[in-house]
Structure formats: structure tokens, C-alpha cells
Amino acid sequence: MARIPVAILGATGAVGQRFIQLLADHPWFEIAALAASERSAGQRYAEAVRWVIPGDPPPAVAEMTIRPLKPDLPAKIVFSALPSEIARQVEPAFARAGYAVCSNASAYRQEPYVPLLIPEVNADHVTMIPRQRAERGWSGLIVTSPNCTTTGVVLPLKPLDDAFGLRRVFAVSMQAISGAGYPGVASLDILGNIVPYIGGEEEKIESETRLLLGRMENGKRIAADIAISAQANRVPVLDGHTICLSVGFEKTPSVEEAVAVLADFRGPEVVRKLPSAPEHPILVRPEPDRPQPRRDRDAMGGMAITVGRVRPCPLLDLRLVTVSHNTLRGAASGAIMNAELLVAAGYVE
Amino acid sequence: MARIPVAILGATGAVGQRFIQLLADHPWFEIAALAASERSAGQRYAEAVRWVIPGDPPPAVAEMTIRPLKPDLPAKIVFSALPSEIARQVEPAFARAGYAVCSNASAYRQEPYVPLLIPEVNADHVTMIPRQRAERGWSGLIVTSPNCTTTGVVLPLKPLDDAFGLRRVFAVSMQAISGAGYPGVASLDILGNIVPYIGGEEEKIESETRLLLGRMENGKRIAADIAISAQANRVPVLDGHTICLSVGFEKTPSVEEAVAVLADFRGPEVVRKLPSAPEHPILVRPEPDRPQPRRDRDAMGGMAITVGRVRPCPLLDLRLVTVSHNTLRGAASGAIMNAELLVAAGYVE
Amino acid sequence: MARIPVAILGATGAVGQRFIQLLADHPWFEIAALAASERSAGQRYAEAVRWVIPGDPPPAVAEMTIRPLKPDLPAKIVFSALPSEIARQVEPAFARAGYAVCSNASAYRQEPYVPLLIPEVNADHVTMIPRQRAERGWSGLIVTSPNCTTTGVVLPLKPLDDAFGLRRVFAVSMQAISGAGYPGVASLDILGNIVPYIGGEEEKIESETRLLLGRMENGKRIAADIAISAQANRVPVLDGHTICLSVGFEKTPSVEEAVAVLADFRGPEVVRKLPSAPEHPILVRPEPDRPQPRRDRDAMGGMAITVGRVRPCPLLDLRLVTVSHNTLRGAASGAIMNAELLVAAGYVE
Amino acid sequence: MARIPVAILGATGAVGQRFIQLLADHPWFEIAALAASERSAGQRYAEAVRWVIPGDPPPAVAEMTIRPLKPDLPAKIVFSALPSEIARQVEPAFARAGYAVCSNASAYRQEPYVPLLIPEVNADHVTMIPRQRAERGWSGLIVTSPNCTTTGVVLPLKPLDDAFGLRRVFAVSMQAISGAGYPGVASLDILGNIVPYIGGEEEKIESETRLLLGRMENGKRIAADIAISAQANRVPVLDGHTICLSVGFEKTPSVEEAVAVLADFRGPEVVRKLPSAPEHPILVRPEPDRPQPRRDRDAMGGMAITVGRVRPCPLLDLRLVTVSHNTLRGAASGAIMNAELLVAAGYVE
């Protein structure tokens, strides 16, 4: 089967680089074009990029010429790693021109009829796409991936919500520096230090969680009625977001019941067969001092969320800790899995 | 006025070193003896210690000979920096022999009639001491300092409790490596990593908070009726514990009211004149990205708790972040201030 | 072809863990036994080990029972990750009993007729083995791997020595914490700090370099006549040793000549076909700011030494910087490659 | 005595902030004006600055209005913390207008008749100033401070040069991130990593060392005839540059002789009385694992260079390690001490 040609918008940034690394050997997709801002367009990729991932860009990609952000790329799917303000202009132009835009930007995450997706969590939200096309007059489409921290909150809460009815969530994140891109966080700000603030992050975690756990009703997405309070911190960790959660349910589970539900979670049938789908989207570790970002972020190729320290909470029902890979599951790999879902669900021909 | 002779038990450990550094120039106290375990006893201090604080031990102390942990030291007050299991044996022997023991160990923190003290918070708990002496038949006494993390939780909550009636607390800590002593945390465990577990810490934060905010009634301490859920993490920060709090009150304050109450807090009259008392026990910073451990831990000589990001909480009433110096206010300086309070209150002659 | 049964001595330590990780899928070798000190012997591996490598021990190994350090293991080759003082007793017992001991310990590195090996550098030193056996009356044998830092010095210098005649070497190392094992370096010593001392390291680098670059003459190893001055530092890096070198030759090469010689190096024919042999033992990077430990340590599976900043030296001839993976090429993988060489050269049947 | 009014050029940058911190309580100088680029001029200092030093700007300074970089400031001495390309334009304008410019920039360090100064090392180089004024037609003057790393090389070598005749130097630096200013080094580049390159640094160390150790002859500075090879590295350390040195002399000293000469060094009489002069410009530590940047950078208020590990070198004569505070002795404090020397020597009235 011929691979589907894809393009990467914002190919020189940190997330763009991850897209390139991950798509270099993808069984379904083939990198057909790279695009970036005026500043880089026209240059050889290897010259334009400051590669921040270990190793080097794949040789074939290194020789590609970067194109401008115009919807004339030889691709069916475009992965957007653009800054949000640019995404806001560029992504609709591509959707209008018939491309399936899988965006990692926040620009359209809150938009009506634009699915905000984690395949294992809410694959059925793709059924909003026909209405999206109709409303906007697009032949293409936009789907979005959540904020990198939201993923580590929502994926482990999904099976607990299904089983016990999620009502209240406290989330305190300790987020890796790679989440801020390059150059991102100044070393003088973070070496041996913590910055207890990431602009806009807490609001994103709170609102995106409600969207992702929302249900489809008559073709409309109804946000979940969950009270959630988030606090976001930057810590001197390279990759991997750690999140301390306290959660309250309609029906209080025992620790054993919660662990069983987490460990058994697989996601819907259609999702399990996607090339990027991990065998276990959630791994539960029994050790008292896990998960840890450096030791657990790469579980299942960076696609599993590792959960540990599941224990009762004196205030709500349960406390737990999650670690997720913020630039893989939480960004580039997540968006690629969304594209796979679009293909499997027939939205890309 | 002649200075009061004091001794340090556990003088070679990390907290013992802080005691020595801080007492070297104390206006009321004078280091008269150092004591430590068999292994070190009999050695010159400079030889026995692996000094982990910048600089060197004070010259006069460097030449002292370490004595065994026996209650025959030429001192009135002893500061205990002993491990808890040893403190459990040694501290009562000193109390029985007439010494005022100011302990940083956890051994007797939960004991009836043993004050667990933060002077600005509960100076009146020293009124338990006569009953302690009577029950135990001691001519001396024991008072204890809380766990280093508890201090950063309780001190900022005290004025809020007084004003608005504290009812519920979520606390997630990000704790510095110096809290684990030396050698303490292995670098392979913490470099570029987070360990979401510190044995016994969460229980201590929860129970000590209730004791510290408890009230005296007919000579008895009644623990406060507060629901509290703590999650403790170790982070790659040298000194300074950062704590994210969400708190609920009987009477919901506005952000402005809460900030005013925090900024105005001074502690009781008797405490304000103690040599170690900072002018402001609580500093409120207005910047969105403060407090930070490396930039705020040394505020007011490491004796002030810095508070920031006071904002509403979607679940309880308020969210805030605190930073405190774990080996100063949270350990050695805190215990020294307790000793100052004992002197001011007439429990040491 | 049946795989050769191997055992790991010191299987629970940091290097022992690397042996297990690397041998789990080795094409020639199969883990048949694990051995460790009394303290661990008799336990299930998964229970006895504190696994410090990301992920988990291979499932098959996790279930193995650890055996004592006695030469009755069902293996032909034993990999020794023992501390040197224990290796000194245990390794000869295994050699006497007929095992081929591939040691990562320093105990026998300086011994006459015991090859100190980096296959690409001095594969011919295995010809000392018959004499070793004769002198000691062993039916087995011992070969040793160099100190992890020596590897990053010697491998890049080998082709330069061959081409231009090495005479003088200045080496300043910046060594990762993993080189000290677990728990190893205390975080209080190294976070945001440098320790300019590693006991015995400088002497090892100096003497082992001369042995490794020595030549065989009439069955004897003649140490190379090279003046070398080493300074060793510990830095807050997880894995990967960085070394700044200044080198002087008999015949001064141009930078271009040196780079060509480095980039063309492949090692002897017999070595190129070993399973662990990287296609390029030395990678030369042209960027001004490379090599860097975090970005280059994993080159060619951690088996290549990355070299950069080749430039003239105002005092000697050339300056260059190398990065090598200290627990792969510099420890476990290096010892495994030595075992492969023994098999290829006919010393293990 | 009235304090001398001084101004700071480039007051908002990292070095500018250090000038402000250090001059807040200076016995001879008083901050009379702050100046910075167009972008900041006109703003209140507290608003314009992103303060990267622990704590806050001194209150009096916080309220000052930043002025443009024009030579109409109410000051006699100006401290320049400007980037070099701007310093090249601005500093001569101030010198022409009668100001004594004490520059931390590299722009004029290599200029004839512009003293490059470390007071203890070459206070006599100020005698070039009359010729500088004559040649340029300036009523003011420029003196410069060396590169932050050069200071840690030259100050400890000065007494050894005087005693034994310095001939050859190998220097490998491990430099703190604060040396790159703010935002400076990206955390993604340096967390758990080393960057073995700092643009222009090695050339500066080499050439500035020869100037600083040069002698005055008939009013001219004759650069020292020393062969020096430097390699510069960036490491994840906040403050404090560590340098490994190997040095060769005309007359080989014993370790004891070298240590005695280092420990006895005081600098010339005129310098010892300057307010910023440390009692000991060089501290020799006997421990095998010192100096360390985090533990030794603040020795004598950050003004002493700590030296350790003095030992023979197999290639040259001696090896040693130095640690110096790069933003105090190596930058702001060094420039302030130069200004003190100008006052003491009568070049500022």
C-alpha cells in the first residue's frame, strides 16, 4: 500500500523536529514536504534547523527545501507545529484547501465542531467533522491535540470516569523544560529552581479536560461537568511531565478497583490497531516511588502514561501520580495518532 | 549579659552543621559543647565532620572535641539534630537531667504535652510544659520543631485560619534535596528527575498541621479539625521547599482580603522581639511567577515564608504557592527560635 | 547456532544491570546465570535489584535466582561487574575453573599477560592469553576492559598514533555521575556543582593509555612511551564522559589530515564483524559546539566515540573534544565486545 | 567624606544588576544614575529590569528613572556593563567627556594604552593612562576588566610567575551559566549536558593572560612571553568558574614551594587597602576534592580565588584547580575594585 503523503508546518521548531523524527519510518505516512515561516523558507532543512533532539535529522529530510506556509503542498495530511497565533491564520487556509490538518497548536482547540482528540479517550468526537465541514465550507478539516499536560491528566482519568463517575479533580503539574520549546526556558531561571507558573496552562488543563471527557449527543459535544483545579509548575527535568492528582467520584472506588480499571484500559477497538497505539495506554507501577519522569517517560515508546502511588485521599477519594512524555504522547506522537485515527475512520482518502 | 551555654546533639550531620553555623554569632546563646554518636565522639570536630555548607566551620568550633551523647554536657539548652530512632532514647535522658531539649527530630512531636512549635503560630503551646514535667518527672523539658515541609504549609495558613476559619487543605510539595541530609538522595535518583515519594512525609504534614493549628484548652492541646491531603515530591533543587496549596475556609475571603491578612501578619508580641524573628514572617510577592526556591528561600535570612500566586480555586476557595528555607526556618533556625521563646517565656533560667 | 551460555558476576550493581540489558537480545550469548554477593544470593533478581536503568529488567531475567560468587555456574563466559577488591579474589577462581572472565573491574588491568582490551585498538593483545594460562596454570582466562574514561581518550588517539606517532597528551575529563555506580555520588555534592577529583582516576587514565597503545613484541606487551597528564572532574551529567584533549605528535598533522584519519578509522578486519562493533568507532562532528554528552553519547548505540572541535593547539599540535558513553562503550558494551573478540579469535569454544 | 557619584551603563543586564547590588552600600561610591539602551530609557528601574539575582533591587535604585547612554550623567565614574559592540561606540564618548570609564566589556581590552587590570596583578599598568589621554585627546579615561575566566587563570598564576617564571599554561575551563547573561544559555542546551564551546572565549583567555602578566617598560606594556592553550566549556553550574591548569616554569617549584607562594600572596601595598580587596586574594585548600564552585565561589565575599589540588604534572611542572566567582571577582566586583584603584592612584578626583 502506498504511503499517504504528509507535510509538517513549523518544521524547524522543537515539536516540528519530533514530527520529523517520528514520521521518518511511519508505516502509513511519508514526509512529502516541510513548511515554515518566511525566515526559514527556501533553505535546506539541515541548514535552517537547530536540531535539539539527540542525533541528527533523518538524511532524506535533511536535504529537503523548506517551503512557505501556503496550502499548495504535495500532501493530504498536514501536521501543524505552529505557534498558536500563526496557526490561527494558517490552519483554516489548509482546511479550506482540502487538507486534513492535525494540529498541535491551541488555536482551534476550543472551537465548536473541531475535535480535541486523544484517540483512546474520545475517538467518537471525530463524528463532529461533517458538521465542521458544513459550517465552514471546508473540503478539508482540522482536528487538534490537547495541551501536553492535559494528556497526562485525562488519559488516566478516562477509565476511572467510565467506571466511577468523575466529579472533582485537583491537579498539580511538574512540567519538563522541553514543553516550552527552544530556546524556551532560560537556564538561569530553572537550574536548581522551580518556576510555579506557566502562562495560560492552568486554564488549558481545566477547560480541555472537560472537552475531552465530554460526550457526543445528537452530533454535538457536551463538555463534562467536572470541577477541576490545576496548578502548573516548571521543573528542571528534560522531558516528561509529572502530575499529582486528587480525584473525587460519584461512586468511591477502592484502591484495588481503581488499579484494576487503570491497568485493564485499552481504548476502543478501532484505536487499538493504529500503528502508534501502545499495547497499554496506561501502565500502573506498584513501587512506592514511581512513576518518575526520567525513568518512566519512555514507557511503550513514550506513548503510555505511567501511573503510581494510587492511594486514598483524606479530602476526595483517591490520590495518584502520573508521568507522560510531553513531546511524544503529549505532542507529536499524539497528533500522529490522531491522523491515524482519521485514516482508520475514513476521513482521509 | 552572659550568654547561655548550649550544646548540639548530632553535631556532624547536615542539620547539626546548620545549628553550628547559626549559633556561632548568636546574641543569647554560646556553643559550649558538641555531641555525636560513638563513631565521632573523641575526635576534633574539623576532622569528624564532612562540612556540606559553603565555606568552613567557625574556627572556634572546628577545634572542639566531640563528646558522647550523655547528659553531662556543660550547657542549659541542647539542640537535637539526631536521627529519630536515636532521639527517642537520648532526648528524654537529657530532659530528665534538667536540660531544655529543643529537638528537630520527629520522635516526640506527637507526644502529649510536648509542644510542637512555630513561635509565630502557637507560642502559647509552651504552657503545656509544666504538665509535661509533672507527668514525666523531668526537671528539664522537650519542645519540638515541625517537619521542614509542615512549616511552609502552616505558617502562611495561620493568619488565614485566624481570619477566615480554615477547613480544608490540599498541599503538594516540591522538596529540596537538603531536606534528606547527607549523603541523602543519590544523584542518580534526582538529576533531571522527580521522585514523587518521601517516606512518612505526607502523614507528618497532615498530622503536624492539625497539632500546630490546635488550640489550648484547660492546659490541653486540642488538635484543629481540618481535613488535609498532602502529596510530597523530591525535586532537583538544593535548598527551599515549594508548596502548592488549595484551601477552603468557613468564610470565603477575596484574594485581596487574603493577601492583606498574609502581608500584615506579625505573630504575637513576645515572639516579635526574639533575635531570630524576621520582621515579616510572611512575604507576599505580586509577580505571577514567584515565589521560586532559588530566588526566595533566603528572604529575611531564610526566616520568612514567601507566598505568591494567591488566586481563586475552582474547587475550594483559594490557591497559593509558598517557598520556605527547609534547613533554616524549616529546621535549625526554627529550633533556635523555639529556644529563644523558651528563654523569653521563662522556661530556661 | 546455539548461543553461548554466559553469567554475570555482580549482577545487581549499575554495571551488572547494563550487562543484563545488553545481553538480553545478544545474537551470540545467552544469560544462563546471575551471581552476586552473599547479601543478594538466593533472592529473585527482581527483588534483589534496585534497577536504575529506565524501564524494567527483562522478564526472563527478573525471575532468575541469584547465585553466590562460586565457579560452578552453567556458563562458559563470565562478565565481571564486581568491585575491584572482590574481583581480585573471585576472578582468578573462575579463570582457574575454566571460565573466560571478561572483567570490567580494575583489579587485573595492570597484570602481566592479562590483556587490557579495546577491540578496535589492540585486538592483537589477546595473543598474550596462552602465556597467561601457562604462567598461572589456568584453563580459563581473564581479559579486562579499561576504565570508562580511558576509553574516550584512547580510541580516538589510536588512529592518530598510527598515522602521526603520539608523544604527549593532556586530558581533562568531565565525567558523568553514572560512572560512580549507585548510590554513588550524593546529590548534595554534585547538583549545580563540580567535584574536581575522582580517586585513582587520573592514574588509571595515564597508565592504561600506555598499556592500550602498547605493542606486542615476542609475545610480550611493551607499554607505549607516551607522556600523559590527566585531570578528572565529576559533573552533573547523567551519562557520557566529555574529555578535552591536547596532543603532540612526532609528525604534526594538519587539522584536515587528523580529521580524515579519525573519520576513516574502522579497526582491524576481525573486529568489524563482531556483533557489537559500530560501523564507525569514531564519529567526527563539524559543528563548533559538539560533541555534547546528552546529544552524542548514544551515537551508534552508545558504541561510537564522537569527536569534535579538532583545531590547532598553541602548545602541542592539536586540540580536540571527545564524548563517549561511559556505561556502554566505556563499561558493559566494551566488555561484551571483548568477549565477542575472544570467541572470534578462538579463545572460547 | 562625600561619596563619589557613579553611574552604571547597561544597568538592566545581569552584570548591571550585580553593579547595582554591590554599589548599594559602597563606602566610596554612590549610585547617581542608571543608563541603558533606548528600549529601557525613560522607565522606572524596577519596571524595566528582569532581576535575576536573589532578592530584589535596592529600594532607592528601584525608583530611579533609566537614562539614555549619553555622556551627560551626574557622575565621575561610569561602570560599563554594555555588550561589546555598543561599548565600542559609547565608552569613548564618555572618556572624551571626562568620565573615568571602568568597563567590563571586551571592546577596548586589547587597545594600546588602555589598561586591562586586576589590581593585585598589574596595578602599575594604570601608569599607561596619561599616554592614553594624550593619544586620544580624552579628559577622562578607560580601564577594562578581563574576561571572567581569565581572572581565574591569571590571579593564581601571578605569584607563581613572580617566583618561578611562568612559561607554559594549559587551561580547561568549566564555566557557569551566569557568565552568558540573561536569558543566555537555553536550559534545553545545558540541563544534564556540557557545551564544549564558548565563542571567542579561548582566544580571550590566551591573549588577555599575556597582557595582564605583561610588564611596563618606558611607559609601554610589553605582553608576557607565555605559551598558553585554553579550552572553554559551559557546564550546568549557576555561578563560579572552575579551571584545570597545568603549568610549566623556568624554575620548577616543589608543590610545597608553590603552595607557600600562593597562600602568601597579598598584592601590592596600594591595593590591600582598597575597600573591595579581600584579605587573601588566593585561598589554598588542602582537601583532595576542593575547590568546588558551589562551595568555594563565595570565599571572601566572592573576591578570593580558591586553589586546590596542587600536584606535580607528568608533562609540565604543576597541576592545579581554581574556582572564582565569575560575576563578582570576574565581573562587577573586579571592575569596582579597578575604580577604587583609580581613586587611590589619583586618576579620579
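Letters are used for the chains, namely A, B, C and D, taken in the order the chains are written, and counting of residues starts over at 1 for each.
Just so it is clear, a contact is a pair of C-beta atoms (placed from the backbone, for glycine too) under 8 Å apart; a residue touches a chain by one contact, two chains touch by 3 or more.
What you are looking at is a predicted structure, and each value in this text was computed from that prediction instead of being measured.
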Q: Compare the CA centroid of chain B with every other chain's and tell me the farthest one.
A: C
**Q.** Centre distance in Å when chain A and chain B are each reduced to the mean of their C-alpha atoms
**A.** 42
Q. In whole angstrom, how far does the Cα centroid of chain A sit from the Cα centroid of chain D?
A. 48
Q) Which residue numbers or ranges of chain D touch two or more of the other chains? A) 191-192, 236, 238, 294-295
Q. So what shape is it, when you link every pair of chains that touch: line, ring, star, complete or other?
A. complete
Q | Parts of chain A lying in touch with chain C, wherever the complex brings them together | A | 54-55, 191-192, 238, 294-296, 298-299
Q. Along chain B, where are the residues that touch chain A in the complex?
A. 168-170, 172, 174, 192-197, 199, 206, 227-229, 231, 233, 235-238, 242, 244, 246, 288-295, 308-309, 313-316, 319, 321
Q | Sites on chain C touched by chain B in the complex | A | 14, 52, 177-178, 182-192, 236, 238
